[in-house]
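The chains carry the letters A, B, C and D, assigned in the order they are written, with residues numbered from 1 in each.
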Amino acid sequence: LSSRKSLISQSTADSVRVYDLDLVRDLVGKVDLGDMAFLELVGRLPTPEQSVMTNAVLVTLVEHGLTPSVLAARLTYFGSPETLQGALASGLLGLGSVFVGSMEGAAKLVQEGLASQDPEFPRRTAERHFQESKRIPGLGHSLHRQEDPRTERLFALATETRIAGPGVALMLEIAGCAQEVFNRRLPINATGAIGAVATDLGIPWQLCRGLGVVARSVGLLGHIREEMDRPLAPEIVRWAEDG
Amino acid sequence: LSSRKSLISQSTADSVRVYDLDLVRDLVGKVDLGDMAFLELVGRLPTPEQSVMTNAVLVTLVEHGLTPSVLAARLTYFGSPETLQGALASGLLGLGSVFVGSMEGAAKLVQEGLASQDPEFPRRTAERHFQESKRIPGLGHSLHRQEDPRTERLFALATETRIAGPGVALMLEIAGCAQEVFNRRLPINATGAIGAVATDLGIPWQLCRGLGVVARSVGLLGHIREEMDRPLAPEIVRWAEDG
Amino acid sequence: LSSRKSLISQSTADSVRVYDLDLVRDLVGKVDLGDMAFLELVGRLPTPEQSVMTNAVLVTLVEHGLTPSVLAARLTYFGSPETLQGALASGLLGLGSVFVGSMEGAAKLVQEGLASQDPEFPRRTAERHFQESKRIPGLGHSLHRQEDPRTERLFALATETRIAGPGVALMLEIAGCAQEVFNRRLPINATGAIGAVATDLGIPWQLCRGLGVVARSVGLLGHIREEMDRPLAPEIVRWAEDG
Amino acid sequence: LSSRKSLISQSTADSVRVYDLDLVRDLVGKVDLGDMAFLELVGRLPTPEQSVMTNAVLVTLVEHGLTPSVLAARLTYFGSPETLQGALASGLLGLGSVFVGSMEGAAKLVQEGLASQDPEFPRRTAERHFQESKRIPGLGHSLHRQEDPRTERLFALATETRIAGPGVALMLEIAGCAQEVFNRRLPINATGAIGAVATDLGIPWQLCRGLGVVARSVGLLGHIREEMDRPLAPEIVRWAEDG
């Protein structure tokens, strides 16, 4: 056996292998970065429809304005401009339970619901969260109260590419029940849509947060670029010190 | 003015804007993740040829086997499996001067050479490094001694897409002079090829390391996925303790 | 009001303030680093006994051999020797639920037990964990099966300094019940002892993990020092690649 | 040989060893956290005077108000309150060339000066920096323009404890020459004082940044504690979004 220690990748004098593909011969110039993410997460290359959808999910997650994550990266760059990787890492560390990590919760809910094969799962989920005064992962957004524009686009694309399957269907059912039980508008937010779509793409919920981490690392690059020319971090510090 | 604080991105109740584009309307479902990286770094969407080339560069950087970065991420996941972002960040922090960061040096050399408009730049660069017993950024590789398979592919693609321009030309000249001056085979390695191609894509050398950080974050996802099912970290610890 | 934005610390042209103390006048040369940790966590300087105990807890946590955290820091240093802070941060990121973070669980258990004022708390805790086949935080250790040498020393010191109070007493009761219910030797491990002592020092459980992070950052310094002279990281990589 | 892989620390069923000391028997309850830092960096326990001085240096570095590092840690905590280690790591990543890392430069200058055995080193250093329009590491401070209060205290303590030696003397000479050559007041700032004192404590310049990282990790604990009760991060985000 050529590699006991990793089945994913091996580097030799002649080649770099990723799963059963040769990096140079099979991948470079033939697939895009979103396809590589699919390959890493699922273990094989995506179909053209899965490629479109995976990239759509990732592109959706690249930017969301001046988030805490972006501000942390810019502040770290201010102190250590010689280490781009440190600034990016600093920004990624805030992608926890409150923001991007929430898509993990939505994907988990959907994947557990599908595994349960319980037709009452959506209603019982809504009722349980209502009784415990808890938010349902993937529903509601402080900014996009009526409709999250990202959700509409992702679901339209999931229909168009025929990726939409049991995951998207279950998420819609949960949202329907939630609206009845909570008796108010609870739109599916971007992380809810992504949790549902990721399920239909075959991505385990434990790895969904990784989609956000990868995508945001792309977005952070742009903010570091701007920080180089038009620093915001010193202004933040000035505002903070100016008690 | 709608946003004093960042010209790149702004998030409102109705939309997320990236430069002058609307995330949902202009980007999701229309561009891939590599295109987004180009957009963040250069400020506008790539042409189809630039898209192919940017994705090729990024795909090249996704995997290189069980690198120190991959091992650090796997070890961090072992101690903190509940925080995927921490494991990824831990792995990215090692992308410094020794490995992926070296492409920054290659890009800097090429961009300074072009800026100098000095026809003697390649020869003088080779001679200066030889006299100071220094490696020229982007040349030579401990593993791929004769030819780095990634370089050949990237340069072929750069020619095919007509992205290859003054950056690639200068890198080839530097390599030619280096071989004469050092009197031994010094193939352009992947970071050298990427430094040259990134120059012809219009990416400033200060941000080139970011291409590697973004790409490797994709590769780390796969290694975390494998670590979940087939843990390597405990074996590393056992090997280390077994003094 | 001099500072709206932080009550902890403020820096002006003449002084740096920490809570109501002046850094230079009241702290430098008068207190040690462990006292500063107590001050930051509790809001006032420790008594001499609290100082001894806080330092003892921190010193206990500095080293535990070639842990995953140490190995991650050394691997990151290998790739990025120019950024000591990145190597340390990389190592600290693995201090999650599996290793150092476990003291958070022990402290939480003890602090919830004390808050409950329920005399049956120890027995009920042991039974609940037994029924759910769960480990009780702070009990048992894969390496130190009979007795964790660190626990004995910390508890002796807590008695000597008269810091030992309701926290230590409750942890001992929980361990006693656990041994009966699980019907096997379950020694209080170092994180259990620290969770109990930290409770008696007045440190909220939510911050206990921080003691470990601070202490391990000291230990990582020594490992980076050794890595400079006697690199282990390249050997790890060689072992890993040698599939 | 009991441990091939690390000479610093080894953990067995009965004990944890640090260099040639037993953690439980020789260190816990006997030394403070600053002593442990000295031990890790220098390889043996400090004398009482070295202990006072090492702790003084570390205490000096714990806090400096609402620094970029503190703000990054607070923003990361906002997004990921479940991972204290991630928030601390995020804050530490900004301790690069601009802030805390600058003490590395001061220590390097002093240690190179001593190694050179050149009596003209101070004057030549001042002149070279003046000609190249560069700041001399360890001199001048944007906030403390006349005198850095931390320097005065550290140097007084270094004299009192008789730690002050060739390192402090050389730094004072460099400052004297700098004032003449630059023809303006250039007080030795805290990082300059620390670079000089660390030299006299026997700490290699390559590790001096580590003193700052360890000390700031203690300070960050207090800021996370405050962030829990009195969040500043959401206000920063609101200020930033409010373009």
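Annotations
Following the convention adopted for this analysis, a contact is a pair of C-beta atoms (placed from the backbone, for glycine too) under 8 Å apart; a residue touches a chain by one contact, two chains touch by 3 or more.
Computed from a predicted structure; not experimentally measured.
Using the mean of the Cα atoms as each chain's centre, the chain most removed from chain B is C. Looking at A-D alongside A-C, one finds more C-beta pairs in contact between the chains of A-D.
Averaged C-alpha coordinates put the centre of chain C at 22 Å from the centre of chain D. Chain centres here are Cα means. That of chain A falls 38 Å from that of chain D.
Centres computed as Cα averages put chain A at a distance of 33 Å from chain C. Shared interface positions of chain C, i.e. residues touching 2 or more other chains, are given as 5-6, 10-11, 65-66, 80, 82-83, 85-86, 89-90, 93-96, 100-101, 232, 240-241.
Interface residues of chain B facing chain A in the complex, by the touch rule stated above, are 5-16, 18, 23-25, 27-29, 31-34, 36-37, 39-41, 51-52, 55-56, 58-60, 62-66, 70, 83-86, 88-90, 92-96, 100-101, 143-145, 149-150, 152-154, 157, 204, 206-207, 209-210, 213-215, 217-219, 221-226, 228, 230, 232, 235. Those residues of chain B that touch chain C in the complex are listed here as 65-69, 71-72, 75-83, 86-87, 89-90, 93-101, 232-233, 236-237, 239-241. On the chain D side of its complex with chain B, the touching residues are 1-6, 10-11, 80, 82-83, 85-86, 89, 93, 240-241, 243.
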